[in-house]
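Below is one structure; the comments refer to it alone.
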Amino acid sequence: MRKLLLCTALIVVLAAFLYVSINPADFGYSTGDHLVFGHPRYVDMDDYFIHNGQNQTGANNIVTSIVFDYRGFDTLGEASVLFTAVLAVGMVLRALRRDAK
Amino acid sequence: MNLDFLTPYGFWNPILWLLVIFVALLVAYLIWLRGNSRYKKGTEQTKPFLSGYAPESKEAMMVSASNIYWGFTSTLKGYYNFLRKMHTGDIRDYLGWYVGIVAIMLILYILWGGA
Amino acid sequence: MLEFIITTIVTFVIYLVLTAGSGNFGFLSLEEIIMGVFLSVIVGAITRNYLCKSRNYRMLNPVRWLLFLIYGFGPFFFAMAKANLDVAYRVITGKIRPGIVKIDPQLKTDYGITFLANSITLTPGTLSVDVDEDNVLYVHWINIPEGEEKKEYADIKKVCGKFPEWTRRVAE
Amino acid sequence: MMSKIVRTQANFLYPLIMIFGFYIVAHGHLTPGGGFQGGAVIATGVALIAVAYSYKNVKTWIKKTRLTATEAIGLLTFIITALLGISRSFFYNWLANTGLLFGQPVPYGINPGYLNTAGTLPIMNFAVGIEVLGGLGVIIMYYLHYIKEVSKNAV
Amino acid sequence: MIFESLLQILLLAGLIISAYLAIRYKDLLACAVALGVFSFLLSLEFYILQAPDVAIAEAGIGAGLTTAIFILAIKGTSRWEVEE
Amino acid sequence: MIWEFLANNSPALIIAIPLIAAFATSLISRVSTRARNIWVILALVLTEIFVIILLYQVFNFGTKVYVFGASSYNLTLPPDSGGIPIRIIFVVDAMSIFMAFTASTVALAGVIYSISCENEQTGQDKYYTLLLLMTVGMLGMMLTGDLFNFFVFLEINSLASAALVAYRVDRGIAVEAAFKYAIISSLGGLMVLFAIGILYGQYDALNMAMVAYRMQATGFSNLDKIAMALLTVTLAMKAGAIPMHFWVPDGYGKAPGAISAMLVTTTYASLYGLFRMCFTVFGLAANTVTLGWFLIILGVLSMFVGVTMALVQHDIKRLMAYHSVSQTGYMLLGVGVGLATLGTTAFNQYGLAAMEGGIFHLINNSMYKGLLFLTAGAIIYRIGTSDLDKMGGLGHSMKYTMIFFMIGALAIAGIPPFNGFASKLLIYESVYQFNPILSIIAMIVSILTLASFVKVFHSAFMGPKRYDVKEVPLPMLVGMGILTFFIILFGLFPNIAMQYLVTPAATALSDPVGYITRVLGGGSL
Amino acid sequence: MIDVWFLTAFILMIWLFLSLLRVILGPTAPDRVVALDTINTLIVALMVILAVAYNQIIYVDVAIVYALLSFVTTLYIAKYLEGGI
Amino acid sequence: MWTDYLIYILLGIGLIFNGLGSIGLLRFPDVYTRLHAATKATTFGSIFTSLGVVTWAFTQLYLTGNSWNLTLALHTIIAMAALILTNPVGAHAIARAAHRSGVLPKYAVVDRLEEVKK
Amino acid sequence: MLFNLVYITVAIVIIIGFYAALFKRNLIKIVIGISLIESGVNLFLVSLGYREGGIAPIYTNAPSTYMVLPTPQALTLTSIVIGVATTAMLLSFCVVIYRYYGTLDARKVRRLKE
C-alpha cells in the first residue's frame, strides 16, 4: 500500500520533471512555455556580465568575476556553509566526557 | 500614546484589564479571608483523615502525566490510532509524506494555480 | 634546511613549467615569477618533510636526471611498447599462464624500489603486487616460462630485463 | 599504512599536488579554477597523505587545530577584504582598475590574461583557497580520528 | 558535430546507468565506486557543456573527496546494506 | 555622519558582525572561556542594536535596499544594464525587519541562557560558533531579496541547526533526530534549488522582484506552477506544517534548551520565506485563492493535529514541539485568509486584520514558545530527565522557573493579560468573518492548548517534592527574563507592537507591487 | 581537422562504455575499482582531446586535476579493501 | 601539412591500445590480468593520443607563433606525466588490496605471496 | 539537435535519487540518493546556461566571444560545495548512529516516534 502510493507520487513528480524537460517544439508542436536546451529565453543579465565583467572587475574568467564580485555575497554564504559543515562534523565526531574515561 | 488596541469588533485596554485582574485578585483574597484561621499548620488539624488505611507513597498519590487525559484519549481511540500509525519514526516515511504532498500540490496547482 | 631549499626549487620549476607561455614566445612574465617564488616558498615550507623524507640527496646529481631522460625515452619506452604488443597478443588470443613470483632486486632506497616497481608495472607482462620492508618484490607475471615457478626467487633478468641496473644508475 | 611504493609516491606527489593547487588558486581569475577548486585539490593532497600513512603518524604531521586555524584565518581574510570596500558597499571591488597590487586594468576582449589584474578577486581566491583546504582536510582528519580512536571505546 | 552529439548521448546514457548502479548493489563499496564513476562522467558532461570551472570543482570535490568520505563512512559503519 | 554611514550599511553589518564573530570564535576560544562568552554576547548585542537601527530606518523612511558590491549601496539598477538588477540586493521591508527583530531577540536570550546551561559539555566553542551561524542564516533568509541567496542562507540555517540538534550526542538519540532533520532539510533545499533553476531558466533573473515582474509580464506558465509547488511545499515543510511536521518533535525534543527556542524562530524564517514566495514572487501572477486555501488547510490541519498529538505526549519538550506545530497553524490560517482575500474588498474588511493577527501571533509565539522551551531546558538541566512521569514537586524549589513557566503557559493558552490573547482574538474575529467553522476550530484548539499546559504544570511543578534541587543559575534566569519582558510588554500594550511592528509588516507583505516598484523603480531611476 | 578530434573522442567514449560494462559485471569489488581506474585514464585522454577539439587550450588544466586526483579515490578504496584505514 | 598524417597515425595507435585495454578488461579472467590490460594498455594509448595533441600544438606553434600552443603542449605533457606517475601506483595498490582481501589469482601456477602470508 | 536530452537525464537521475531515498533501507543508501539528487540539480543548473555553439566564459585565448551563460556556472559552484558539506555532515551522523544503535537499517533507527 505504502509502496503503491509512493510510486504514484513519484510518477507524478517524474511527470512534472519531464514536463520541464521535454520540449514540444521537437515534435512539431508550438514552443509554448518550455525550456529549450541550448537556447535560453532571456540572456540580458548574463550578457551584461560577459560584456562588462572584464572592465568592471578586471578578471578574464567571467565565472570567477561572478563568483567573487557580482555574487560575492553568495560565496561568503557558501564558505560559511562549508565552515558550518566542518563544525558539525567536528561536533558530532567529538569525544564525549564519557568516552574519555 | 493611544493604548487602545482596536480589533475589528472589539477593543483592548490594558488599564481595564489590569483593573479586572486586580478585582479578581481582590475577590480571591476575600474568599481566602473567609477561611477558618484557627487551623494551625503541622498539627493534627491539617493532616488527612485516613480511617485506618495506610497512607500511600508520595509518588503514587500524584496522577502521572500519561494518565491525566485518559478519558479523552480513550474516547478518541480511532483518531489516535490513525495518528499513531502515521508517526512511524521511519525517515523514509517522512520523505514519503513530503513527496506525496508535492505530488498533490503539483496536480492542484496545474489545475487551479493560474490566475 | 636543505630539504626546504630542494623542495622549493623543485616546486618552483614545476610552477614555471605550468606557466610557461604566459609572456611572449616561451617567455615568462615577471609577475608569474614573483608569484612562483612566493608560492613555492609556501609549498616548500609545508611539504619539506615529505619530498626528502629519507634525507637522501643523491638525486640532486644532474647526471642522474640526464640518465633518467635517456631511460625514459629509450629502454623504458621500448619496453612499454613491447609490453603493449604483448598485452594485445594476450587479449586477442587469451593465452595466459599467470602466477605471482618473488624477486630480490637488491635495492636499498625507497625511491629506487618505487622506481623499479613502477617500471615493472608498466612493462611486459608483469605487475608488482606487494613489497615487503626488505625490498623484496612480489610480481604478478602473466606468462611464466616453464620451470620458472619452481624457484624460490625468480630470475631477475627474465622478469624485468635490465631495469635494476638502470634503477641503480638513476635512482640509487 | 599502505605499501612502501605508495608511500614513496605519495611523498613525491604531495608537493606536486600542492603547487598545482596553488597554481589553480593563483590563476583563478585567468584560467578555469579558483579558490574552491584549488582548495579542494590541495585538500585532496592532505587526504592522500592521510591514506598513504597510518593515522598514528599522520596526526603528528597534520594537526587538526592548525587546519581549523587555517580555515578561520582564510574566512576572516575573505570577509575583511569584503568589508574594506564598505565605504561604497559591502563586497565592493576596491582594488580593481586602481593600478595598485592586482589593480591593472584589462582591455575588453580576448587577451592572454595578466596575473596582476582583477582587484580583490585574487585575494579572495587565496582566502577561500586556504579556507577550503583547511575545511575539507580537517573533515577527513575528523573522520579518521573518530574511526581510529573514539569508536573503539565501548559505548 | 554529429560525433559530438553522439558522444553526449553515450555520456548521458552512462550517467543514467551509473546512477542506477549506485543504488542497486547490496555492497555499499560497489555503490561508492559507482557513485565515483557517476561523478567522473558528470564532470565530463560539465566539461562538454563548456563549464570547465564546474568540471574542476566536480573532479576535485565530487569525485575525489566525496568518494573518500563515503569510503571512510563505510569503514565506520558496515559494508553491506542489510547485515544478517 | 558616522550615524548615517552605520544606518546606511546596517543591512550588511547585521550579517557581517555575527559572521566575523563566528569565524573568530574558534581563535578566541583558545584564549579563555570567559573571553569567548563575552565575545559571543557582544556580537549578538551589536547585531540587535543594528537591527533596531534598521527598524527605526524602515519605520521612518520605508523599504530599504542594499546592493552588495555596487559602487553605491543603493544603486539597484546600474545605468548601462538596461533596467535589470544584476547584483545581490537586500530588500528590507517592514516584514523582513520585523522578522529579524524577533530572531535576533530570541538569539540573544538563547545565548545568554546557554552560558550557564551548557557549561558542562565538551565542544562548547563549536556550539557557540554554530549558534552564531544559525542566527546569520535566519537573518539572511529574512533580509534577502534574491532567490539564490535565500537558498544559501537556508542551507546555512539547516546545517547549523541540524548540527546543534545533535549537540548532546546522548546515546545516539539526538543524532538520530539530527539525521532526520538534516536529510529532510537537505532534500527540501535541493528542491528549492531546482525550483530556482526553473525560474532562472525562464526569466534569466534571480532577484525576486525581477522574477515577479517578468512572470507577470509574460504570463503564468506551467513551469512556474511546478516551481511554485516545489517552493511552497518545501517551505511549508521547513515551517513544520502537518503532514510534513515529523521532524519538528524529533528535532525540538532532542535539542538543547536554548536551541529549541531558536529552532522556533528558524521555522518562522521558513514561514517568512513561504509568505514572501506566496505574496511577492507568485502573488501577482498566480491564483491567490488557491494559494490561500493551501495555507489555510495546512494551518487548520496543523492546529488540530498538533494539539491533539501534544495532549498525549509525556516528554515535556516533545509536547511543546507539538504545540509549536499547532501554533504555526494559527499563523498559516491568519495569513492564508489574508492571501485568499487579497485584492478583493473583503481584504480591507477582515483580510488585513487576519494577516495582522497571524503576523502578531508569530512574534508572540517566538517569545512565549522560546520562554517555554527555556524553562523546559532549565528543568532538564536540574533534574536530568525530560519525562513528565518522573517529574513532580519542582514548584517547591524552582520558584522563578515556575513563574516564568506559568507566564508562558498562560500566554500560549490565550489567557487575557498576556500577549497570546491579543493575536488570537484578532485571528478569531477576522477568520469568523471569512468562515465561521475555521474560527471555531481555532478556539477549540486554544482550549486544548490550555488543557495540555495544565497537565504539564501539574506534573512538573505540583505535587509532593521528589527532587532536592536548587534554582537554576542567574544567566539562565536572565535569558528567560528577556523573553518574559517582551511577553508582558506585548500583552499589556499590544498597541505598541501593532503600531510599530505588525501593521507595517502586514501592509508591506500584502503589497507586492510596492515591493517591485521599490526595487525596479528605485535607485538611479 | 576538427572532426577527427571529435571522432577520436567518440571512439574513446565507446571504450569508456566497455569499461563501464566491467563496473556492471565485476564480480568482486577490486574488479570494479580496476574499471574505475580505466575510466579515469580514458577520461583524461578524452579531456585532452576535447580541449583541442573545442580549441580551448586552458581546458587541459581540468585533465591535470583529474589525472592527479582520481588516484586518491583508488587509494582509498584499496586501503579499505586491505583492511587498513 | 605532413604532420596531419603523423597526428592521424598517433591518434590511431592510441585508440587501438585504449580499445585493447577496454576489451582486455572485459575478456581476462581475474583482477590481476585485468589490471595488466587496464594499466598498461590505457596508459600507453593515452600517451599516444596525447602525443598527437602535442604534435598538433607544435605544428600550430610553428604555423601561427602563438605562445599559447606551447602552454597546451606543456600542460598535456604534464597531464601525461601525472598519469604515468599515478597509474602504476594505483594498479599496485589495487593488486595488493585484492590479494589481501582474499581475491586470489585464477589459473595461477604459482603464488609466492600466498605462501609468505601463511 | 540534442532535443532536451540533458534535461531528461536530469529528471531520471533525480527520480533515481528519490527512489533510493524512499525505498532503500540503509541510511547510507539514502545519503547516496540525496547525493544523486544534488548532482542532478547541478547538472540542471549548468545545462540551463548552455548556449549552442557557445564557448566557456573565459576570455583568455578563447576562439570567439560567443559565450555560454556564466551565472549558472557560478551557482553550480556554490551548490557543489554545499553538496559536499551536506554529504559530509550526513555521513558523520550515520557513523555516530551506527556506533550507538549497531545498525543502519531505517526500520530500526526509530527510537523517536509518535
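Note that the chains take the letters A, B, C, D, E, F, G, H and I in the order they are written out, and that residue 1 is the start of every chain.
One rule holds for everything that comes next: contacts are C-beta pairs under 8 Å (C-beta built on N, C-alpha and C of every residue); 3 or more make two chains touch, one makes a residue touch a chain.
Since the structure is predicted, the reported quantities are computational estimates derived from the model, not experimental observations.
Common neighbours of chain C and chain F, listed by label, are D.
Counting hops only between chains that touch, chain A reaches chain H in a minimum of 2.
Remark: chain A and chain I have CA centroids separated by 9 Å (rounded to whole angstrom). Chain D and chain F have Cα centroids lying 35 Å from one another.
Measuring from the averaged C-alpha position of chain E to that of chain H gives a distance of 21 Å. Note on chain placement: the centre of chain B and the centre of chain G lie 64 Å apart, centres being C-alpha means.
Residue numbers of chain C whose C-beta contacts span two or more other chains: 18, 22, 117-118, 128, 130. Annotation for chain A: residues touching 2 or more other chains are 6, 10, 13, 16, 20, 35, 40, 43, 45-46, 49, 54, 60-61, 63-64, 67, 69, 71-78, 80-86, 88-90, 92-93, 95. Of all residues in chain F, those touching 2 or more other chains are 19, 23, 68-69, 148, 152, 155, 159, 162-163, 166, 169, 171, 175, 178-180, 183, 187, 201, 204, 222, 226, 229, 309, 312, listed in ascending order.
Within the complex formed with chain F, the chain D residues making contact are 68-69, 72-73, 75-76, 79-80, 82-83, 85-86, 88-93, 155.
On the side of chain I, the complex with chain B involves touching residues 18, 21-24, 27, 30, 106-107, 109-114. Across the interface of their complex, chain A is touched by residues 51, 53 of chain E. Residues of chain I that touch chain E in their complex: 1-2, 5-6, 9, 12-13, 16-17, 19-20, 24-26, 28-29, 32-33, 35-36, 39, 42-43, 46-47, 49-50, 54-56, 58, 68, 73, 76-77, 80-81, 83-84, 87-88, 91-92, 94-95, 98-99, 103-105.
Residues 1, 5, 8-9, 12, 15-16, 19-20, 22-23, 28, 31, 35, 38-39, 42, 45-46, 49-54, 57-58, 61-62, 65-66, 69-70, 72-74, 76-78, 81-83 of chain E are the ones that touch chain I when the two sit in their complex.
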